[in-house]
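You will see two complexes here that share subunit A, one where it goes with subunit B and one where it goes with subunit C.
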Partner chain A sequence: MSSIDGAILDFKRLDLLAFGDTALHRLDARAKVIVTALFVMLVVSHDRYQLAALFPFVIFPVALIAAGNLPFTYIARKILLLCPFVIVVGIFNPLIDRAILLHLGPFAISGGWLSFFSILTRSILTVGSAFTLLALTGFPAVCRALEQLGMPRPFAIQLLFLYRYIFVLTEEGGRAARARQLRSCGKKGMGIRSFGTLIGNLLLRTWQRAERVHIAMLSRGFDGRFHSGRETKFGRNELVFICGWSIFLLLLRFVDLSQLIGSIFLGRLP
Partner chain B sequence: MSHHIVELKELHHTYPDGTVALDGVSFTITHGESVGIIGANGAGKSTLLLHLNGYLAPTSGEIEIGHTPITKETLPEIRRTVGMVFQDPDDQLFMPTVYDDVAFGPFNLGLTPAAVEERVTSALAKVEAGHLRDKPPYHLSGGEKKRVAIATVLSMEPSILVMDEPTNGLDPHARRQLMGLMKDFHHTKIFTSHDLDMVMELCDRVIVLGRGKVKADGTPLEIFSNQQLLTECRLEKPLSMQGCPVCGKN
Partner chain C sequence: MHMADALLSPAVGGAMLAAAAGSIAYCSAKVRKEVDDRKVPLMGVLGAFLFAAQMINFTIPATGSSGHLGGGLLLTILLGPYAAFLTIASVLVVQALFFADGGLLALGCNIINLGIFPAFIAYPFIYRPIAGLNPSTARTVAASLAAGVAGLQLGAFAVVLETTLSGISALPFTAFVSMMQPIHLGIGIVEGIVTALIVGFVHKARPDIFTNNDHSSASIMKSIIPGFLALALITGGFVSWFASQQPDGLEWSINKVTGKEELAGSKDGIHGALSGIQEKLAFLPDYNFKKPEVKNRGEQEPQANDGKKGGNRLGTSLSGIVGALITLGLAVLVGLILRKRQEKAAMKPHAHEHAHPHGHGHEHPHRHGDQIHSHEHFHEHSHPHPHVHDHSAPHPEDPNPRHSHEVRVAEHSHDHPDHEHESHEHKH
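Coming up: the complex of A and B.
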């Protein structure tokens, strides 16, 4: 439990990275949200057996990470944290779908493996770009941008609170688990029974704390809007950012670059 | 609301589980008064304070702040007037950095970024936490959190300051400093504390709660010289009123 606690705490670093001061950080959040959304849509829209065509898309997160001066290994580690979940989702594909679709020299690759790696690549790309967006913008600003882009305010606020309460929940959880561990004197506690009450307790405590945090917000004049020190405007830089990346990403999607390059160097691959 | 009078009339509060926390509390606090609310654990102090900014609604009875009753319509205004520091600073800090947290209130008041900056800097300076401004609140020590929590409220420049055990968890220096800060706050202040010496030093009026009732209401000297009352309410004389442990003189 304490390690989960630690991992989540580490997630808060994403929020801190958003305080960087590069041109990308200063860009209006809406521009970044729009381009990231387009990126995710284009990546996800690929055919399930498509793998090679996905690789060039890595340019987008990598370019942003470099230009935004973000710690690459930190973000890579955060993405790795999610890989086990993706593997669980995709691991049955190779067992179910055994038709051979591709020969790479002596290796015969089945459709199942192809779609498995395709899922993995797509997850890494979308999650990576989402993390990059957060690290460049910060969650509150992303929520605000979503609201400005037409998402109903209650949803935007819900999203924001969801994000806050995940931290509240893990902190409370970490504390409760520590208390239980200390008092169970190295034995297994009281087994599953005490664990049940612990979870129930945890939900109640989180609820109460969430309520108190909410009242603290209200008593400081919270009216459903999040203000931030950086008021940004949608200007020329934003337009250039959106147009530039949109054109580039659409080209990647509909003109298959890797196949083009591949066919130049290797002859034809399916 | 020019005169920030706090008026409670026959306030009752019963928690959903049936615990009677407040059982007919009435008093009036006038503008500029400094009031300490003391009493045993579970006497109902925190419950009482939570009514003052409308977090808890009375089961029966009335509360008026500056002659305005607390209703749904007046609540935002009341919450702007009453600055509240919670018992647990973790409840109060929710933004990614100390700066953001302290700036949260002023931004909601609609101040310009320059004015917000000024308020944040001065509020943090008052609690000597200027060096913490870019730290995330969850990386602070308990006492530092407390100081920042106080700064978040000071930056709103409230007319009534309500604090639940403000010196709890502070080191002696920070406690002294907070007491100085509270002396400089010339509007109405209401706080609970188990730190009776602080109550003695800062208050011109003390309200003793016991089992949800007002047991006594008077000047610190009156209250702390009533030995029978103190014993009954699980209190004792502040150290400054007890004899010197070395020479035994008063």
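Coming up: the complex of A and C.
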């Protein structure tokens, strides 16, 4: 089951990126969550045929990846494993929407192709910003930020518990799956029946684990709170980060920078 | 069938996100009221279980392809609707962040599609009535099959609705529906069979697990569904009035299907029928579509009036493309400059572990053993790259002065039994 092991390692690598110690990592998570949310909203608020105006938004993930010292190729590779659903749905646009909307010299470009590439660009931007948020902040900090921004406490605890045990249980599941694969020659034995028993066993062990955790919690006086090593406050840096990026991104949303630079470059000033 | 940011408009995405947030708040309050604090760790660990189970594939008989568990129905059978909904939502949050399955805005859609339908519709209205309180094997199979199929059909239909209402994809409603529903019929049948197998297995081993999840469907009907609908409608209206810059996708796609002669052509009859159904289904007739010209008034105007229809809504022309390439180049340049500065800062003594930005993080889990890794990590005490530290003095900015000691301890404790790790979280 190399794929499961690979997925777990990949998961951990992304998780470990949050231990970086750049100025962006030290920023309070709320600032990063708010700006990322604004970014996603502004990107998806573009018209479906808008392509060039989306390009300037690349600056946000690129700047964060660079300043946050994140491995660029790794994140780019993860982004390029785009959600297959997007491509499957998006590829119908060129087939259905064939009205010519744009002439570039001898090339006529249909609305469908424009909107298809617009969907791809949106996907890269939104997925990229989600990865950078996680890699700069870390999952527990994102949870705490969401809780401070109003997410209900039980759900925050649920997220932290889930995060705590994902590493344990994916490995347990990976071991079980590998054992099943080693015992089944090729496809035989990989069917639904053995899967049901395998998952049933995993479920029973999980349930027993939860009971042990509960006893451990009780004996140590769990007060519904998770403690973390890195405490951050919402200060001047956070304010500057939020205001700076918000103004810049809003400006990009309402001034088509591509169009502007292009016309300056081609000497056709408006 | 994860929904994706790239296919969503802000109005649809925002409305679904608000609906999901409202449902989470409601279920959180419900779960908090249940005094049973055994459920707190149970939900967390079962969420992790679901996550792990989704990674394991099985071959689907007679097709040769492989599938995996969805698990929404299974969790609801085990935990009851409220706790199960929170658990499913939490798994989706992790997937949205770590795998970018869909994205952050689409999270609301995914939570509704994959959480609400199995937990609050398929389980109380289909599974419970068929299975009853003490189900036989046949009843479990029938109930799981019916509920699995229903949950996935509703979820798939919701994906179609969300996509069509957003209007980013040009797929017409009926074509999309006729593509999605049959696929998800198959997936639903498999999901139902697998769920029945697991439930049957667990029922034999631990019948006590299934005892106290009694939530009558009536109370759910009364409590959550009207609130959920109202919330979705109110926020949908509000968001589209407030934030919508490109609200005309649906109108456009209808025009595309009905108005364009070159498209209609030979398939006139089909398209006519499609658009008829589509207009009937467009249930927000006085949704206030702005004219596209309005938005680019201002500095874009002189560019846009080069005679081409739609030129201004595109903002895409030769200068746009040249400009896009230049901005892309600028973005890369800014990135390179920032990275250089970052590396220069990293050369300073107090942060020298960052001198090699790539690779270390990757080696870390192998080195210390994975159990240890997840434990350290949870507390955020240990240093990210301990093996680069060749001095034992604590990091000047590290909040935990003991971290170098922690690292040494971690290296020697490869084979702690499982439960010892579990208990760590309460120590600090």
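Rule of thumb we're sticking to: the second predicted complex is superposed on the first by the 193 of 270 C-alpha atoms of A that agree within 3 Å, B and C clash if a C-alpha of one lies under 4 Å from a C-alpha of the other, contacts with A are read in each partner's own complex, and residues count from 1 in each chain.
The rule is short, and it goes like this: contacts are C-beta pairs under 8 Å (C-beta built on N, C-alpha and C of every residue); 3 or more make two chains touch, one makes a residue touch a chain.
Given the structure is predicted, the values throughout are model-derived calculations rather than measurements.
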TODO: For A:R77, decide between first (touching subunit B), second (touching subunit C), both and neither.
DONE: neither
- [ ] Quick one: classify A:T126 as touching subunit B (first), subunit C (second), both or neither.
- [x] second
Task: Partner, of subunit C and subunit B, that touches more residues belonging to subunit A - done: C
- [ ] Could you look at A:A216 and tell me whether it touches subunit B, subunit C, both or neither (first, second, both, neither)?
- [x] both
Task: Touched partner set for A:K12, first subunit B, second subunit C, both or neither - done: both
Open item on the list: Tell me the contact category for A:R164 with respect to subunit B and subunit C: first, second, both or neither.
Closed with: both
Open item on the list: So in the superposed three-chain picture, is A:A176 touching just subunit B, just subunit C, both, or none of them (first/second/both/neither)?
Closed with: second
- [ ] Report, in rising order, the residues of subunit A that make contact with subunit B in one complex and with subunit C in the other.
- [x] 9, 12, 15-16, 19, 138, 140, 164, 167, 171, 209, 212-213, 216-217, 219-222, 227-229, 231
Task: Complex contact set, residues of subunit A against subunit B - done: 9, 12, 15-16, 18-19, 138, 140, 164, 167, 171, 209, 212-213, 215-223, 225, 227-229, 231
Task: subunit B residues within the subunit A interface of the complex - done: 53, 55, 76, 79-80, 82-84, 86, 88, 90-92, 94, 96-97, 99-100, 103-105, 107-109, 113, 116-117, 134, 136, 138, 152-153, 156
